[in-house]
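Naming follows writing order (A, B, C, D and E), and every chain is counted from residue 1.
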Amino acid sequence: MAERDVVLEVDSLVRHFPVKGGLLGRGRSAVQAVDGVSFTLGRGETLGIVGESGCGKSTLARTVVGLDSPTSGSVRYRGTDVHRASGRELRQMRRSVQIVLQDPYTSLNPRKTLRDLLMQPFEIHRDVLPRERRIARIKELVELVGLDPDHLDRYPFQFSGGQRQRIGIARALALEPEVVVCDEPVSALDVSVQAQVVNLLRRLQRELGLSYLFIAHDLSVVRHISDRVAVMYLGKVVELGERAQVYDRPRHPYTRALLEAVPIPDPVGRDERVRVLLAGDPPSPVDPPSGCRFRTRCPKAEDLCAVTEPALAVEATPQTEAACHFPDHTPLARLGA
Amino acid sequence: MNRRKRWSAAVAGLAATLTLAACGLNEGNGEPGASSSGGAAATTLRIGTTTDVANFNPLQSLSKTDNWILNAMYPHLLRIDADAKKVPELAEKYEYEDGGKKAVFTLRNDFVWSDGKPVTSADVKYSAEMIMKYKLGNVAAKLTWVDAIETPDDTTVTFTLKQPYAPFAEGVGFWMSIVPKHVFEKAGDVSKFANDSDWIGAGAYILQTATPGQRYVMKRNDKYPYAPEGGAAVETVEYRVYPDVNTMQLALRNGDIDLMGTPVPASAVASFKDDQKIKLQEVGSLGFAHITYNVNNEHLAKQKVRQALSMVVDTQSIIKTVLQGEATPMVGPISPIFGEYDNTELQAYAFDPAAARKLLEEAGYADKDGDGKLDDLKLEMVCDQSNPNLTRVAQVVREDAAKAGVELTASCVERNTFLSRTKSGDYDIDVSQWAVFDNPMDQLRSTYLSSNPGGINYNLVKDDKLDQLIDAAAGTTEHAPFVEKVQEIDAYVHDQALLTPLYVEKIRFAYDGSKFTGFQPSPSDLLGMVTGYSLSQVKPVA
Amino acid sequence: MSAPVLSVDDLSVEFATREGTVHAVRHVGLDVHAGRTLAILGESGSGKSVTAQAIMGLLDTPPARVSSGSIVFEGTDLVGASERTRMRINGEGIAMVFQDALSALNPVYTVGDQISELLRVRRKLSRSAARARAIELMERVRIPAAARRVDDYPHQFSGGMRQRIMIALAVALNPRVLIADEPTTALDVTVQAQIMELLTELRRENGMGLVLITHDLGVVAEVADDVVVMYSGRIVERGSVEELFQRPAHPYTRGLLRSMPRPDREDDELWAIPGAPPSPLRAPGGCAFNPRCDAVVDVCRTDQPELRLIAAGRHSACHLSQEVFDGRA
Amino acid sequence: MSAPIPETTQAVAVPTAPPSRMDGLRRFVTKPTGALSLAVLLLFVLTGLFGPLFVDRPGGLGTDILQAPSASHWFGTDDLGQDVLAQVVWGTRVSLTVGAAASGLAIVIGTALGLFGAYSRRADAWITTVTDLMLSLPLLPLMIIVTAIAGPSIATLTVVIGLFSWPEVTRLIRSNGMVVVAMPYIDGARALGAGGWRIVTREVLPAVVPLVVVSVLLTAARAVISEAGLSFLGLGDPDSWSWGRIMLNAQRSGVLSTAWWQTLFPSLAILLLVLAATVAGVRFNDTRDPRLKDR
Amino acid sequence: MVVFTVRRALRAVLTIWIAVTVTFFLLRLLPGDPTLLVVEGDMTPEMQQALRVQYGLDKPMLTQYWLYLTELVQGNLGTSFRQLQPVTDIIVARLPWTLMLAGSAFVLTILLGIPLGVYAAAHRGRRLDRIVQMFGITGHALFVPSIAILLLVVAGSWMGWFPIGGAIDPDTRGLAAYLSLFHHLALPLFSLVIVQLGPYALTLRTNMLEVLGEDYIKSARGRGLSSRRTLWKHALRNAILPALTLMGLQLGTLVGGAVLTETVFAYPGVGRLIFEAVGQLDYPLLQGAFIMLAITVVVANLITDVVSMLLNPRIRT
């Protein structure tokens, strides 16, 4: 691969939420939602981020687009620190990094028509497009995402879930961003509709050269859309690499367990499938285990894991990096596949 | 703690709280009526009153309830009978000596303080001297000319006067409460003596317990000389506080009380007429309702302003409506009750707001900002909330005054507050009712004499000419010239418009006639049915 | 195959709403056999949960109403059965595991209270015996330190543990049929696998009939023996799991299978079913799937296809079911 | 004695259906109680506006004293011979004025604070604390004290009632504003770069406007009750007729038990007006709350 | 749990402090400085000054405030302008009556409201439910004095069922005293309960309906627990919490209602005291009465909170 054109750089990002408690309501402890995450995103590339609930992937998404501010670390869009930017830089950044939210049923103001919703970006950024050209642009956008331009005066509730997610995508694209963060964009949709939206996102990426940060808990969808995949566990990235590597030769025991847990929609040979089931639920991010955070559920954990935290060496190279003292190197066995 | 325990703990806590709140029920109320139930004699008479006792010191008390309770407890030299005649109480008789310069009271020897000590001339002397010393109450005005008080023996008191004054003995005899010297003496400065517990009295009833806001319980004094053979039938007199006249009326109908201490408001008289068991007792009036102007107010100092205000008071309509016609109009400060003293030639200020406004404009008031009100002429009118008739009058006068461009505010306040405000001169206009004037001379002296010590000169008037007229009249012993002089003062005060008389009310008291009979009412709303003498004569209906 | 424990026939449920009557479930029939897992596969609004609630008698009536059909459990028709009968069969005959265990457990009672209440009321156990049995049940569903955690409240457990407690409650009275309504949808994938395994294990151990309601083809493929596919309130296809996945006989089933991204494969473009599932209020005429169908013919827009037998143990409600089944359409 | 906003309005779901105003209004009016309450409200407003043009201002001394209701005096007369109907009609104006003005004041303060609290976490801590404090205090005694000192007048009553009525509004607007602020579409607007002012005024406020309408009605209803209470305690404007004052007059003149018409008719007026406003508020709230459709 | 209680208690203290501070400054900053009223009319400037010194009115306002606070902490609320007695004594003599009236109203409302609300929710749409709904909405429109006068005139006067005025027949002892107490309490109590009950029952009904739609109710029924059991055990316990919180918040209103009720029934509580103090323009007494009522309400609120907490494991743990 030629020199990567890095558009987004996340460096040692930390986001802790103070926990209410104590006599005066002052927090002594904190939810360590995101705890030292680093990665880069190249132009036209999709980085998939997977993990279970509470692993911090949504906080990461919100922090990247500026909906949340980091406790430490930085997010840089083409060299500009997203959270330190102000004035012109900030506006530019806002335009260039957009988000598609999870739930299309609640992420659109029910009181606004499709026209209002799509007009909103231009009202906030008045300098992007002169007033008289906005309607034409809105119609373009509507067609781009496969909606009917005659429906501009409809309210969100008059659209189906899939259509609403298309509206959300159109809105994110209105300001011609370079990076789109997709925060679980299909998980609220019906199974039969998910594929439409995934296909749309892929088409738009091809046509517009977008970079995606694609966040999901559904490993199948992530595999389908991503170039590279990061696996998060309790606020940390435990494995990061090219998707084929991650999916077929997972190194981290967590990645492995995660992949083995996913049911395969094919009954043939199901009784012969081997899977190592993890015990219990992920621990609370308020008080994560010492050393390696996964050690409490890890089948391979040893004393070392409780003491030393394994580091993840992140390099922009197409290989897998796993934060584990005892990484695996065998391919994932998938009988019946 | 498990769930069940928590529940039961919560319930138990709640129950405990409620029990605690209800604990000590009726404790500290003194001896209950039941404990002294001496058979049929254990009769309780319950009287409704609107206000609490503000002051238990009879030498300086003001409110009605104070008077009712304290007058029954502390004897007076004379009392007033149903025909407004002074008759003996503590004093057997009195006579003037030395051309009227000496008033000699002979006391009965059978009045005894409730601690067993006899009531003697020393108590009378002490009471009078304390009033003079500390200028207490309106009695102080009646004692102004006293030079010396002597007590030749235990049953004789001699007041030596600087000048002869005909109404002296009646005034002092009727008004002055006699307090036990041996009790009050210990307090030192009697003007500061609260006298709010362990009462020692010699009247018909002695106060036992006081629960402010609720009730005052008095017990029969078995040694009261005027009680009928075998003692008063009513053993316990209980005043219950009903701050609202409606609840008091309902309580009477309901049988919660047996007598309303305050007169029935004119508007409610009709409603009692249908009630079989409720009896209405009409008594004569020794007082009258009036509007008084505080001349210390820069506006009210002007005669024209006062006259103009008199012209916005529609007394005829007020009598017709508010009093339902049950009252007599009057002109000038002398009530028609006093017959010949009333100057019948006086013409009332006619009700005419337009003319009143003209008069005010003559006095220099103008409506420059065109809001219909004369500029700067704002006055506060105080009245007693517990008198339903007068609160309504105040409202009517307020509206009529507005027609003449005068902005009046009506502050109808709780009775004790009203009394303390008028007493301290903290008002502009005062709408009130005199309860008792036993003679015109005392009235004029009490109300208009500028030198009046501790008196009831609510106008706060200091008018040399008026002083001279009053003094001259007081010194006049011959009847005809005396009447003439009183009439002259009547006319002068009327012309000065120091007060606007409203009416002489027909007073009616309501009581449960199915239970009690034998009241010995006295004229006036202050004395009415509840003098110690009257209560001691009450009998239960068999 | 033995006689079914639970047999639903021609069940229709409608809801009265302000906008009109909604036919949430129409003419649904299914059999549950002891020791087997029946999966009801469908998307939101397909009527699968309403069917489950109708079986349990948990629908709010009104607005809901069972307008036709029967639900026969061991010879007793539960439609129109008395509250007594219902309460006798619920829990002991048929039990249910809900999707969101947090909201399905009473927040103000400890989990021990909730389990032992059931045992005391239904099994007349003493307080201490019920508690001991509650701990046993919690251990059975593999809750660590059950004896200690029996006095904890639902909110003190993690999602997976709560679902285990929900299952413990459901199996406390050894029901003959266990209905699991999307039991793992709210859970993470690693926990999901544990719960599915637990359910399967319990089914095997107790010989229960398990009814698994889900929208997840993967889960169906992993655990079901028989599958019914529901779309817009109707059963569109029925068959054993292997056959149904191998040879779908309804274009909807086929589309679903094709559009699933798989974790073990990489595809460039997914197959997509166009459009969206119809609202239960405005189902299209004819076959409800016709606007989205890739094999649609004229008759689909006018006539409602019946659920027909197309091969041994295979039913499909499509005018072209045979063609689809044979791969010709 | 302020009535609480019925609980039904507190758990308002953000409607997923569109806020088609005409639709809501139509549904509102087609409900019999909704239409009836509106009609009653309208009747009172008309009486307040035009009644005094037809009925003389009660005042002075009449000749018919304490007359029971009759053809010449529909509501009877009081102890001054004044027509109680005239007093009630003139009192309508004051009750409506104070109710509307005080509720307006409370709404403005309450909505502003509520929205501010809903949006700004930092401000919220203070706003909730103060609101809860205010709510938990016995406000009637406080209003009594303040009115007594400030000197009773319509302006005093309005300001006092208004200033002590906003916490209910704040609580309502805040709790619902919080729901709206937590909605992902607010994040959507923020991600587009919308500022706080824009979000509050363009996204949150429109969402709570129906609630503000409900709140206006309910707050006004409570204000009318408060005004009547203060007037009944003798703290009303002595220059204006008010329903509470009519009852106070009946009490002061000692005719409570006999002249029942003097307390009955103002009581009925209070009951009807407040009931109409409350019902209108509750019904209006119901029509826009989709969850209540089937109840 | 302890932390919760302590935090609530601190908050209660804060509430009281704010109430005290607000009234203190409100009374002194409003036009018509009430402290001037203590100085009687015709006094020389020297005497006025002496009085001002005596009452501490010559000091800067913040000093006065500090003095007031320190005295307050020691239970001293100053001296009544009119009655010349310590305000605390006057109020303490009246407070138990108000506590009993408002407290019984609170308890009775809950005791009656629970079955009404539960029953209405369980039988949604039936007659009793409709009555509860109507009553619930009408409750907001009831003017306490109207109800009180109605009860006073009809039940007290026309029918003569209840005594009028006062709180107890002073001559009764033991059981008779309790009976007399409740006999006197009945009418004021009912006029408060009538106003409060409907809205409370309606609130509970609404909460019950919400709870009855919850999965855990369905789940309980799915386990074969009877409807009665699910209703009274599983649903009620959850529905009562928000209703209790609301009742706590309504305590201030309840006390406001007590002021009006006591006025009409001549009940010797703090409410009537306030009415009298308004007539007397007795500001220290008014201020003291308000502060005492505020303290009462805040403490009652605290108790309600703690009870809620005991009933709600989610707060407790």
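The rule we apply is simple: a residue touches a chain if its C-beta (ideal position, glycine included) is under 8 Å from a C-beta of that chain, and two chains touch if they have at least 3 such contacts.
All figures in this text were calculated on a predicted structure; none of them were measured in a lab.
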Walk from subunit C over to subunit E along touching chains and report the minimum step count. 1
Taking each chain's C-alpha mean as its centre, the one farthest from subunit C: B
Judged by C-alpha centres, the chain sitting nearest the middle of the protein is E
Just the number, please: Cα centre separation of subunit A and subunit C in whole Å. 31
Which whole number of Å gives the spacing of the CA centres of subunit B and subunit D? 45
Centre distance in Å when subunit A and subunit D are each reduced to the mean of their C-alpha atoms: 49
Whole-Å separation of chain centres (CA-atom averages), subunit A against subunit B: 89
Residues of subunit C touching 2+ other chains? 109
Which positions in subunit B touch two or more other chains at once? 244, 246, 250, 253, 385, 412
Check: subunit A positions touching at least 2 other chains come out as none
Of all residues in subunit B, those that touch subunit D in their complex: 244-246, 249-250, 253, 264-268, 270-271, 314, 317-318, 320-322, 324, 385, 388, 391-392, 395-396, 398-400, 409-410, 412
Parts of subunit A lying in touch with subunit D, wherever the complex brings them together: 62, 65-67, 90-91, 94-95, 98-99, 101-103, 105-111, 120-121, 124-125, 155, 157-158, 168, 171, 175
For a test of understanding, state which residues of subunit E touch subunit B in their complex under the given definition. 40-42, 82-83, 90, 93-94, 96, 99-100, 103-104, 107, 152-153, 156-157, 160, 163-168, 170-173, 177-178, 181, 263-266, 268, 272-273, 275-276, 279-282, 307, 310-311
Going by the contact rule set out above, which residues of subunit C touch subunit E in the complex? 53, 56-58, 60, 83, 86-92, 95-96, 98, 100, 103-110, 117-118, 121-122, 153, 155-156, 166, 169-170, 172-173
Complex contact set, residues of subunit C against subunit A: 43-44, 144, 158-161, 188-194, 196-197, 215-222, 224, 241-242, 245-246, 252, 255-257, 259-267, 269-277, 292
